[in-house]
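Multiple structures are listed underneath, in structure tokens.
One chain, subunit A, appears in both complexes that follow, with subunit B as partner in the first and subunit C in the second.
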Partner chain A sequence: MLRFAIRRLLLALAVGFTVSLAAFLALQLATDPAQAIAGEDAEPAVVEQIRIEYGLDRPLVTQYVDWIGNVVQGNFGESFYWHQSVADLILQAAPTTLKLATFSILVTILVAIPLGALAAMRPNSWVDRLALSVSVSAQAIPNFWLGLVVIVIFSVHLGWFPVAGDRTLAHFVLPAFVLGMTSVPAVMRLTRAGLLEAFEADYIRTARAKGFRGYPLLKKQALRNAMLPVISVLAVQLGNKLGGAIITEAVFSMRGLGRLAVDSIQGGDIPTVQMLVFVFAMTFVLLTFIADLINAWIDPRLRLR
Partner chain B sequence: MNEHAPLLRVENLSITLKTPSGEQVQPLRGVNFELSRGEALGIVGESGSGKSMSMLALMGLLPSNARRDADSLKLGDKDLLQIEDTTFAREIAGKRIGMIFQEPMTSLNPVYTIGRQLIETATLYGRGTARAARARAIELLNRVGVPEPELRLDQYPHQLSGGLRQRVMIAMALMNEPELIIADEPTTALDVTIKAQILDLLADLQSELGMGMILVSHDIGAVSRAVDRIGVMYAGAFVEKGPLDDVFEHPLHPYTQGLLQCAPRATLAHGGPRLGAIPGSVPSPFKRLTRCAFSDRCPHVHDACYGSEPALRSAGNQAYRCVLDAEQLQSDNDHSDKGVVIPHATPVQVEHGDPPVLALESASCVFTTRRGLLGRSKDNRAVDDVSIALHGNEILAIVGESGSGKTTTARMMLGLQQPTSGVALFRGEALEKSTPRQRAQLIQPVFQDPYSSLNPLRTVGDSIGRPLVVHGVGNRASRRERALEIMSLVGLPERFYNSYPNQMSGGQRQRVAIARALVLEPKVLICDEPTSALDISVQAQILNLLLDLRERLGLTYLLITHDLAVVRYFATRVVVMKSGQIVESGETERVYTQPTHPYTQELLASISDPLRRSA
Partner chain C sequence: MSSIDNTLPERQTSAGVEHTESLITLTPRQLLHRRAFSHWGLIIGTLTVIALVLLAVVGPLVLPFDAYAQELAGRLQPPVWAGGDWAHPLGTDHLGRDYLARLLIGARISLTVGFFAATLGCIIGVTLGVCAGYFGGRIDQAVSYLLTCQLALPQILLAMALVFLIGPSIYVVIGVIGVLQWSYFLVVTRSAVMRIRELDYIASAKTIGSSTRSIFWHEVLPNLRSQIIVIFTIEMGVAILSEAALSFLGVGIQSPTPSWGLMISEGRQSMFFNPWLTILPGIALFLLVMGVNLMGDGMRDVLTPEGRH
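And then the complex of A and B:
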């Protein structure tokens, strides 16, 4: 297991390096950072001066080494737009996004896995069909619309939760529900399919011959086998929530990383955008690594790879 | 409790299956049997005979589209028809009845340790404490021959070999000291030497623990190693039952007679009489029978066989399902050319000239595997310095267990695998110098599984004519002619020309595969386990067909197999492989009568011969 973890970690580091290079190069090559800082109408001389001032005239390799060296030391650079350190900007927005993503993935897990399990226990029964319609609806309803509906019902009419903002935990209930529901269809169907496949397996027949039936059969024999693909998908879904909750954050007026990303793109704030891209990408690398570890813990055969 | 009550009584057990098209079929039709305490019953039959289905029905493990009906289903005094499935699960399954399945590779849960799977059997529903269960697990693993049992408890199934896993399965079935143990094809997926060990272990355990045992198998020889009584099933019903010795010595039902004659035996040598084969193939489950199920394959068939299905009749200790009298059936069997036609093989002269048709010279094959991006590479020597010469008209068999390198050797001789060192020669010319097309006209393969080796989207005629198209031989009309010609040669009626593989039985598909291999008129056929996916009665047909074709077309065969009984009947010369090396080779008769290498002796000792059992 330890050897497996070390191998995976090395692989993750290699991917992380590639990602950082890509994030750096994409923005450096696709835009002119000096022009962006100076403003679109700036004189060419001013732009040149800024280029030299910020060291943007040096070779790309030097700039990259410089940048990555700073990143590793925790120095994420200075925002051109907000005139604040990028690290501070990200640290201010991160807690909101982290909380929102964590709560919403919990919503996904708590809704999708039991629903998928119920559906798999009685395939083609009314429970199965109900679960399927819930999943299709969740897939069909747009995020922002569901957000508005729950705000109208639970905030405006019932007054149970605040309408917008991110100050207290109560602020997170509705957005976490909305964001969590978006992942329910995929996870539910994967749980159902995984369990149904497991129920067909020879080892389940063995377990039935030993006397296992019903819920213990599901929980103690089939579930662990069915969870492998679910874990991988949950990791990706969590990554999406950490990086791409822009719509939900907007509907509920929350100041998270998604909002920060939109604002810095609009402001042409390359250091912040670059750093956010890097952070989002590294989040995926990290989550994939964690998912691999969990899967290896679940299925001993994976540890051999 | 009544001491004399049988352990298990099954009366009129039937299964009705609803097919997706809404049709109802009966894979099991009114089966009766009894098992006394401490008795071992063997149930044999071919695919679709209902033998496994009946055991699943006993255990309540039928698929959800199947319905079970019975007049009586009793384990001791317990009426299994009267109890709920939950009660059955709690009180009977895994507790009073232990079950062992065919595939040890997939029948254990891959994500849990051996220990957990053994222990949970004995602690489920508060059957016992974890501590006691652990002790029992260690004791049982020890008894079934798993080395270092305490270490094994923490291991996962994939860390154990197939044989060890099956031993674990046996230990698992014994955890709660069941009164009855059901073994459904327990050795089918195992290598020959392991097979014999597992059967002997089961027989020992059964008598030692005084359990009742039902051993289900398609392998009549295997069953004979471990049981007292035998039941032969055909098309969802017993056609013959009785004490093992009686049934083997004087089988009454024509099917039993045929089955015993077509099972290759250690004593049937090449060049001797042909194997008896039962014509036709095993029927698929049908709705209602208005005739004897065996009538379309039976040599004795006459008017009385139609109208209704014959009932089981008793004769001495035996019971059989036939309209004919026992005396007549028995005397017919004694003069058996009347029962099953056994033509004698005419000997074919082997060309011993130089150079041999096909040869490997000091060929080795090394597979390099690398684990992951950063892993170290590891060499696996699949074949190690092997030299084989295949002479014209010869039938050379390569025998060995899984991992012995026999298939890699065959692939090198086919030109499908380049030797890492050494060379493959066709008539003295390096095989690699010829193009794949040239090779295809010289050497053709016949593979094991006719279900996956035929393209399901091509008609039979297309499949057979395909090599001609690839090689640009003839036009559409001449190719059709040629395909039909080959079809009649391999015994396929013309009406199959436009059929698809899924409309055919396994034996018919294998005939198609052979026809396809022959259409380019190759000199050599390389047959890799050509009959191991087929029923026994069909296996004999295919083996006899291959022998006939060799005589008529002057073919040379290389046979790859693990089945030693087939080899003795089929091959003129044999090569025994183990761990990538040849351990013994020679004329088949010499190797079988005077094996020199200990491994060959071990292999030969593991053959289960139904007719030589008591010797």
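And then the complex of A and C:
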């Protein structure tokens, strides 16, 4: 188990650095950071001076090594736009996004897994068809639009929840629902497919012969095996929530990492954008790493791979 | 990481259940037709998409409305069912532009971006997938690593940043979405090619001295056709939603070009008083993406029945 964990951790770290390198190069090549700091119509001499001052005239590889060296030492750099440390900006915004991501993954789990399980227990019944319709619709609804629609219905007409903001828990209900629904189709279909496969296995036939049926059969026997791919996908989906939060936060005017991302992109603040890409990618890598560990813990066969 | 192998969950449908007697007399093509015409999702999806494509192509040519002409005196007119008149059947927006005309041009934008972004992703993903699946070994490991990295990229964030920094235009939007969206093509072609590689006709082609390139073009790719069509359709839906999201956030298609995402964002300003400005483009997006998805799911059931549970 330990060897498996170490191997996976090394892979995760390698991926994190490759991704940060790719993002660094893409962002540096897409634009001229010196021009962005100086402003659209700055004198060429001023741009040149800034380029030298911020060390942007050096080769890209040197700049990257410098940057990643600082990041590893915990120095996330200075924002061009807010003139504040990037670490502070991210730490201020992170709690809102983390809360939003956690609540929305709970919504996903609470909707998708029971729905998938019910559908699998009665294939081709009305429950199954309902589950399928929910999944087909949730996949096609633009999630920012769903956000606006629920604001109009539940905040404006019914007055149940606040329209926008992030101060209280009530502010998180609608955003968490909207963001949570985006992952329902994938998780529901996977739960259903996994359970259907498990129901055909020999050990389930044995359990059925012993008199297990209904909920105990599902819980004690089938769900454990069907959950392996679901756990991996949940980790992936939780990682995607960070990206999805950009849109949801914009719709509900919440001041999280998504808002920070939109503002720093529009302010041309490359250091903050770069760091956000790195943080998002590392979070994703870490989550999939944890999911791999959980899977290996549930199913020892996986450790040999 | 093994998590992506399962992102194409199969589902059971009642379609394609044939009686054994008829199996003997029908050709494969007839069987395919029979499966296709008894699959309701496929039929509804295809009809929706055909209808929307026709509207997008023909509509702006036939209808006497202008998507760009501003008429400030006639701003924010409601649709006909809410008290408007037939001069503007779906009303007008905050600048007095005809909403029906804008929705139709918006359909062109969505379809164009969806088609070309999916094509770009298809080229990248299928190339990588075929190489990884066919050669295996080191190349496969390298491609798998690339895939793991691709999945870790925060796509929306990066797409927004790149589109904004390069300068928003429809070409940039297509390019960025396409370049960031190929993992699904890769995963599916890779595993399909790994299976095809072991089949007899590949061995025969090798025996008669076909070059690797010829094997790719004449043996491998034709046999990937159904998988590629299915994923292409599904990815087109995803690309359409991505474009709408980018335009909604202000880093996609720019005003005055009417993209559905942008129209939702513009309608949001007066959402509480003129809700149809937000609701109509959303419904249009929903119909198009659902049509495309139903088509993709249906084609998967019909074209690759062996993959079903």
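Quick notes on this one:
Everything that follows uses one rule, which is that the second predicted complex is superposed on the first by the 305 of 305 C-alpha atoms of A that agree within 3 Å, B and C clash if a C-alpha of one lies under 4 Å from a C-alpha of the other, contacts with A are read in each partner's own complex, and residues count from 1 in each chain.
One rule holds for everything that comes next: a residue touches a chain if its C-beta (ideal position, glycine included) is under 8 Å from a C-beta of that chain, and two chains touch if they have at least 3 such contacts.
Just so you know, these numbers come straight off a predicted model, no measurement behind them.
In the superposed pair of complexes, A:V285 makes contact with subunit C only, with no contact to subunit B. Of the two partner chains placed by superposition, A:V127 touches none, neither subunit B nor subunit C.
Among subunit B and subunit C, the chain that touches a larger number of residues in subunit A is C. In the superposed model, A:L98 lies in contact with neither subunit B nor subunit C. Shared-chain residue A:A30: touches subunit C; no touch with subunit B. Contact with subunit C, but none with subunit B, is seen for A:A193 once the two complexes are overlaid on the shared chain. Once the two complexes are laid over each other on the shared chain, residue contacts for A:L148 go to subunit C alone; subunit B is not touched.
Of the two partner chains, subunit C is the only one that A:L276 touches; subunit B does not reach it. Once the two complexes are overlaid on the shared chain, A:L11 sits against subunit B and subunit C alike.
Applying the stated contact rule after C-alpha superposition, one finds that A:N225 touches subunit B and leaves subunit C untouched.
According to the touch criterion, the shared surface of subunit A, contacted by subunit B in one complex and subunit C in the other, consists of residues 11, 305.
The touching residues of subunit A, when paired with subunit B in their complex, are 7, 10-11, 201-203, 205-214, 216, 220-221, 224-225, 298-301, 304-305. The touching residues of subunit B, counted against subunit A in their complex, run 59-61, 85-86, 89-90, 92-95, 98-99, 101, 103, 106-112, 120-121, 124-125, 156, 158, 169, 172, 371-375. By the touch criterion stated above, subunit C contacts subunit A in their complex at residues 1-4, 6-7, 9-12, 14, 145, 148-149, 151-158, 160-162, 164-166, 237, 241, 244-245, 248-251, 261, 264, 268, 271-272, 275, 278-279, 281-282, 285-286, 289-290, 293-294, 297, 309. Taken in their complex, subunit A has these residues touching subunit C: 11, 14-16, 18-19, 22-23, 26-27, 30-31, 123-124, 132, 136-137, 139-145, 148-149, 151-152, 156, 186, 189-190, 192-193, 196-197, 229, 232-233, 235-236, 239, 242-244, 246-247, 250, 261-262, 265-266, 268, 273, 276-277, 280-281, 284-285, 288, 291-292, 302, 305.
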